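Across the two complexes that follow, subunit A remains constant while its partner is subunit B and subsequently subunit C.
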Partner chain A sequence: MTEAKLLVQGIPPEPLDRPFTVIGHSISRIDGVEKVSGTAEYAGDIQLPNMLCAKILRCPHAHARILKIDTSKAEALPGVKAVISRNNFPDWLTYWYLIPQFAFPEIVSYVGQEVAAVAAVDIDTAERALKLIEVDYQELPAVFDPEEALKPTSQKVTPLDVPDSTCPRAPAAWPVGNLYEGKTDIHTRGDIAKGFQDADVVIEEVYNTSYQFHATLQTRSSVIDWDGENMTVHDSCQGVWQVSQDIAKSLGLPMEKVRVVVKYQGGGFGSKAGAQRYLHYASRLAMMAGRPVRIELTRPEEFISHPHRHATKTYLKMGVKRDGTLTAMEGRSILNLGVGSTYGNQKEKLIETAFELYECPNVKLEQVAVYTNTPLTGYMRSVMRAIGDFFLEAHMDRLAVEIGMDPLDLRMKNYAVFGDQVKKLPYSAKNLDKCMKISTDAIDWKHRDRFVEDNKNGPIKRGIGMASYMYDGVGMAPFKASADVVIKRNGTVEVLAGVVDIGGGQATMMAMLAAEELGVNVNSVKTVWGDTGPTQFAPGTHASRMTAEMGPAVVQAAANARKKLFELTAQRLSAEPIELRSALGKIQVSRDQQRSMSFEEACQLIPDGEEIRASGSRKPNPKDIVFHTFGSQACEVEVNTDTGAVRVLRVASAHELGKVLNPKLVDSQHYGGIIMGIGYTLLEDPEFDSKTGIMLNPDLHQYRIPTSLEVPEILPFNIEAPDPFFAYSAKAVGEAPIVPVAPSVRNAIYHAAGIWINSLPITPDAVLKALGKSK
Partner chain B sequence: MLYEIPQIEHVNARSTEEAIYWLSRYGDKAKVIAGGTDLLSLIKDKINGPQMPIPEVLINIKTIPEMDRIDYSPGKGLSIGATTTLYDIESSNEVREKFGMLADAAHEVATNQIRNMGTIGGNLVQRPWCWYFRVPQFNCYKKGGPQCYAISGSHKYYFSMLGLGVCVMAHPSDTAPALMALGAEIVVAGESGQRRVPIDGFFLGPQEVFETVLKPNEIITEVFIPEQPPNTRGSFLKSRLRGTWDFALSSVAARLQITNGSYDDAKIILGGVAPFPFRVPLAEDALRGKRVDEEVISLAAAVAVKRAHPLAQNGYKVPLTQNLVKRALMSASGLEAEV
Partner chain C sequence: MTSIGELRLHMEPKTLVDENRHQNQPRRVRRIVLSINGDSHSIEVDARSTLAEVLRENLRMTGTKLGCNRSECGTCTLIMDGRTVFSCTILAVEAEGKCIETIEGLASGSDLNPLQKAFIKNDALQCGYCIPAMLMAATALLRVKMEPTEDDVRQGIAGVYCRCGAYPNIVRAVLDVSRGQVDC
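This part shows the complex of A and B:
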């Protein structure tokens, strides 16, 4: 690895100059035993003396003006310790990723929006108090469909987002009509009209995707402890520093007074990044009552109140020559933002894959984000990429079939070399071709017509499909990412990282990086994470950024700590520090390996009462290089044309990520992403009543996430390729494997049964309808 | 911690008489609880309406000793106590050997965990799984409210395709179609003693608020299935969205009597497509007296869905059900369906 390019502040560390001893091994995650044995303590398990319970009163209407709230009866109920509403906090702004949102606006804009909150001695009392709060609503017309909301005559939605030009994730301006910031986002190059003239075949389609909910195992829960001056938030979030920032700003406290702690995290998938609305109310109640407050959302509240993946509709038109050359692409994607979003961070992201993944000279893509009277939307595992890949990769297969070309050949024919096709900016690394080859070979793509004969008889049809993708998530400015490494006299090592292990094994990964750099066994390294107290500012664990952003910082911190230890050790070994090498707990002189001492012995040289402490910080990505990861999946499916049921039998998943730090952890991300993708593609069908906007399936029974029976055989392939900017080249994997699942399954359904389905989820009714068997 | 469950009084009944005593005494404040898999989720989700107050007292009948049993008397039939779990039914050798269709149907219910708790009695008297019924905001007809919201709303999955009545729920039970095909009797106890209700008369139509003839102070004590003639063959098939933990989009219980390659008798019951387990006599007639033959079966399957009158979003249930009927009949007839 070319150390000079490692993305760190200051001088990049010296190269290791020896084979890896820890990196590349399938080390089991260090928190695994606690989790499976049930001893791991989650935020909801915490009991503090005098703790109160909080409950939130939610609006029953999709759109209404609050004329009056009377909380006096609730306040008078014995056991009630604090009540908040717009009566006492009319202008309060809460923050989510520093995006300001109204806490208690006069106009409530979706079913389930918070109207008041109470803290009481127990949950029954809190529930009774909610019933005693009297609210006079003046109902207003509501709009749920984004295309309807775009019409000039549409009812205007009052979003929860408040524009703030200083926050890159917030809207910079108020909506015009219901259009986000009053404008759409357009990516364009070349000459569209000419491109379509040059085409031999032009295909137009409309693609719909549904909302997707995270359905985390752990329902959101927090315990807030306020001692009159300092606040400690025991949370289930994905980013302790981000929550600290948000809560401090919301409550007008200095950040150092708000400590956020996550001991274990029970699933987030993007939904627990930043301080969510419920936490602001509970924190405020703790301050008012002067007692600890516990809040836990019910499963229906989970569905209704936390921001989920957007529903979209895309009009897409593409032109291709008979030889497979793409000539033009024109598209318009409409996103349902609900009443608010982290959308500021996702502008252009939905259309970016279509803009970049294939070489096409003439492109115009428009992304249109619209507020409606539906719940909040926000981050979720590849939030935009999974949608953008669906319509692009679905359309690519359609074009291939229309011109009689193998879909894999069409993709290779239009392979894009540059990250920016106009400025010709290079990628830091791109091996998508290799990913496509490996994933398709794994399911014998070349002989994919082997099913044709069998498919002629009986209701069961088999087929194979594929899709490629790109993913970003490899370190984005302007986030700060720093880590510390501490070596103690007793020979133990701590990595201090202000991040959260959200179940992906991030703590294990950072311990491995530090162990490799220091030359110790991984079990002598402890990762201290999930606590703003002892750590420096670090990013939230989302956008697949942990390895790419914290990796270089941890490597730098550990290398700096090693340097300090070698300075202490060198004299004892009669050598210069630069001559020392360490591996697996042993420090040696490189030219005379007989001269050595154990890492523990070396640590004894640290002066009594002291420790070695060193820091590392990542620097932002350079601007003249495009950083992406790439991958491809191919799958085999079975379509039952009698029942409309689709089963995914096998998925071969190839992802390019630079370097595999821990194969077991990386493979787990393939499994998780594919399983979640199968839910998105075939099962998860959130339903809202079209008249009232009430969610009809806010539960894990009728909102169907996959069970083990839906899990296919999964063949993960991790493609390594040097990328000197990252820690040992290691880049992102977490979110990416969900991205191509929907298009590859959809394309395989065509291959099996000869039907194109352009809306997600692909449920039996859609299959039977496409087969012409029902209306 | 199940914080959502309110304070409820819980009474362990030691006998059927005691259970009925408490039920009569507490009136509509009380509900019977056995497995609780349906009742507790209704309470937790605060589902209530004029005709379904949230219970304040639960009368536990799992503590009645003779309620949990499977007794088979050769020549007479099978008697299953009402609190027998679905798991015990699906794993009983006698049920599997003599009444295999019921074992199959019990096995198709929900998940392992739910079948370990859920009982046969509860499976028959469970409330609708219509999503308007299962969220608290809609005061629908089945809660004692004025109207059905699903007809003009969203009705893709757990809804009737038969266009009958005020409410368009689809009856969710998997065991009910099998029991109906097997000609079961439901033994009901009330203040005035026991009555035996043939299962054909146990379920009510969609004009009624409640799904069964069970009165508020009555409980099911037993399900009885008569011995089947030796030439009986059966099949239960269920189609659903997910491999487990799902009610039927459509299900079929078929019971055939075949002698010398001809159908002596047939019973075909559809589940998941009507407000009650739906018998299709015309399809049965299409088999009776005919040779066992794929063409005959195809015709019967077509007849089975002839009365279908689907809603705007569930037209797919018609071909789905027709295909299921065909597959069930083929399987029960010992013919290999094309796979």
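This part shows the complex of A and C:
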């Protein structure tokens, strides 16, 4: 960093003028001991005196009108302490990431929707009470297929989402028919008719992707404590401040009366951003009963009740010249929202990758979002990007084969330099070409036809494929990200960050940033996180935004704290504060390094009973620069043409992230994304009954996620490039590595076995069908 | 969506409540003695309770986690008489007289054992929720196979899901320990 460009409120701190001492080192995560010794406390581990258990009654129909609910027998059951339903809360709105939703509407719109909830002294009693609740339903016709739902004659779905133009995630208007907000999103540039005329080859395909479920190992759990005035929610969420906001709004409490605490949480992957529906019911029950309430969802409930990755269908047509120049692209993506979604601020994300990843002068892409009588959809590890990358990168390989060009060359040939091809806005940094080169070299792309001879014999065919991607994770609205750094007299440092460590090592990274900026060892820094009590408002840990958004705030807070400490120290060292430098726990005068004192000694100068406290706040990204992260993966697969089984053998994953804060933690994100991506691509196959809308495999036996046996050899590469807007240039990694897995594996399957498969997941059955071996 | 006909019955509250709970059985309290990590615990339990429930709720040993409560995910894995078992699918009364080992027994005081250290060193943990089970599965494996191959390790932990995808590091950590390569 040369120029002070850090994205913070006020004057950015000067970049450090010394080599890093903490950043870039593979430091073990600071909460490792708790996690390996079983002492890490997750919400479901908490038992409070007098605690009740809550259970939710769910609707067995995909679409029905509730004519009557009789809860009297349940209420009369000894041990039942509170029962809620539309009888006592008919107009209640809950909030999910500030999207208003009906809590107990008259019309229920998917199998599994909440109809009533009970709190009782133990779980057996609560379950028995559910069975005593009598509900009269009038069944209504339901629609599950989004294209069906778009027809004017279709049954109209009653979505859970209530329009709210003040909330960027909520719809701005009611649907028209079942079309979200009554309109589609269209991105265009140039003249596609002319573009297709200019093409030598035009290819049209249809791509389908299935739902993907988060399948976090910890099922959603919370313990809610209500003392008659204040609420404490011990939660397993990804954003304590967002949950506090949602719950306060839903229960009509001021936000400062809803404290949300997460000590540890067992996986989120986007699904635990914002307060989820179950939590509203449980909180209400705690208020009514005046006792603490614990709620834990069962594994089947996990599948049917929380928002997951959308299913999509995309019609894509692209034109290319024989020399590889893309001339036109036209597409229409249909997105199944289910009965509600965090779709609002994901608008255009599905088609944006296709719009910007390659240079193409003539483009028209349309995104159509549709409500159906299927479960809620929402954030999940690169929720839209993973889908958008699949159809684009699949199509790119198809074009390359049609014109007889190396797929890597085709991508390089159409490399997009600008972040907005019409306005010609620059990217803050883009080294996708490097990523492509490194990932393909690692897998010996040049000799990728080395398998051709062996593939002629026997059922096992090997092949190599690749895909590139772009990802966000660099700061997004709505914006408020602040952190505090506290230096204590005993020489310890605290970073107060209102975020959640969801397993990415966020707490460790915050501590490292503060340690680097203060010039102390990381062991003397503690991160206080996951608690709205002592922290300032911060974003939820999702959308891979933590480092990019909170990083600058933490660095600024630490720089401000250091400044205050230097002011105390300067006189002792007979120097001006500006002359002081600190590193590895030592403060020195820059022009005379003999004059120094330890950080601990300096802290002794803090007056008794006081501490140094300083704040930092991120500012939004400037509008005239485009911020993204980029990457590329190449993989080697093995296809068994007798059984249809596909094995991914090796994946080389190159991701451009600015600066690696902690190599060990970053590599773990490559592993996590790629392994989940393999599940998405090959294994995870949710099935719904087409007549009833019932999920047929809401369990981890039949909805299969990857085990240790499906894991390929993974070669992570992190491409660094200065991006002074961020904390030491560090941007995002978390979600990105899942994005190109599906297209690169799919392209490798073609390379191995000569079959194009355009639907996810690519099950053995789908492979055999494509080979003409099964119907 | 495939049609397999009317499935409404299948959907009645049954799948939405926890099937593994023996709710139709009458509650019967029994006193049992469990041997856990070398200590004897004499406790009164509901005869319907699973071992995982008794550990977590009665004994407050919450290191053992639950992820499905019906033998799907392996999160509740612990060691009973030397073998890994899913504690969500064993009744506490069945565990009487058996030698039970849980995550709480791995460290001596605040001294982590080599496997635990290797997990930290290799970043073999993300959210950490599967880690107690992974550690117990790896412990059981290393007792029967002191020099496992990578394949042995993968097989040995295959009964435990890790949705965070820490598998490559977990395998490395176990191999490190088997090769004596932990120096923390």
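Just so we're on the same page, the second predicted complex is superposed on the first by the 773 of 775 C-alpha atoms of A that agree within 3 Å, B and C clash if a C-alpha of one lies under 4 Å from a C-alpha of the other, contacts with A are read in each partner's own complex, and residues count from 1 in each chain.
Just so it is clear, a contact is a pair of C-beta atoms (placed from the backbone, for glycine too) under 8 Å apart; a residue touches a chain by one contact, two chains touch by 3 or more.
What you see is a predicted model, and the numbers here were worked out from it, not measured in a lab.
Touch criterion met: A:764 reaches subunit B, while subunit C stays clear of it. Contacts of A:39 after superposition on the shared chain: subunit C is touched, whereas subunit B is not. Judged by the touch definition given at the top, the superposed model places A:459 against subunit B, while subunit C stays out of reach. Of the two partner chains placed by the overlay, subunit B and subunit C both lie in contact with A:300.
In the superposition on chain A, contact of A:701 is made with both subunit B and subunit C.
Contact with subunit B, but none with subunit C, is seen for A:774 once the two complexes are overlaid on the shared chain. Measured by the number of subunit A residues touched, the leading partner among subunit B and subunit C is C.
Of the two partner chains, both subunit B and subunit C are touched by A:687.
Of the two partner chains placed around the shared chain by superposition, subunit B is the only one that A:643 touches, whereas subunit C remains out of contact.
Once chain A of one complex is fitted onto chain A of the other, the partner contacts of A:200 are absent, as it touches neither subunit B nor subunit C. Taken together, the two structures place residues 44, 60, 111, 123-124, 127, 298, 300, 687-692, 694, 696, 698-699, 701, 706-707, 709 of subunit A in contact with subunit B in one case and with subunit C in the other. The touching residues of subunit C, counted against subunit A in their complex, run 1-8, 10-13, 15-18, 21, 23, 27, 56-57, 60-70, 72-73, 75, 102-104, 106-107, 112, 116, 119-121, 123, 125-132, 135, 153-155, 157-159, 161-171. Across the complex, subunit A is touched by residues 1, 3-4, 6-7, 45, 129, 131-132, 134-135, 137-138, 149, 152-154, 156-158, 239, 241-246, 249, 313-320, 323-324, 327, 338-339 of subunit B.
Those residues of subunit A that touch subunit C in the complex are listed here as 26, 28-29, 31-42, 44-45, 47, 55-58, 60-61, 111-112, 123-124, 127-128, 130-131, 144-145, 214-219, 264-269, 298-301, 304, 502-505, 664-665, 667-668, 671-676, 687-692, 694, 696, 698-701, 705-709, 711, 714. For subunit A in complex with subunit B, the touching residues are 44, 53, 60, 111, 123-124, 127, 296, 298, 300, 457-460, 642-645, 683, 685, 687-692, 694-699, 701-702, 704, 706-707, 709-710, 763-765, 768-769, 773-775.
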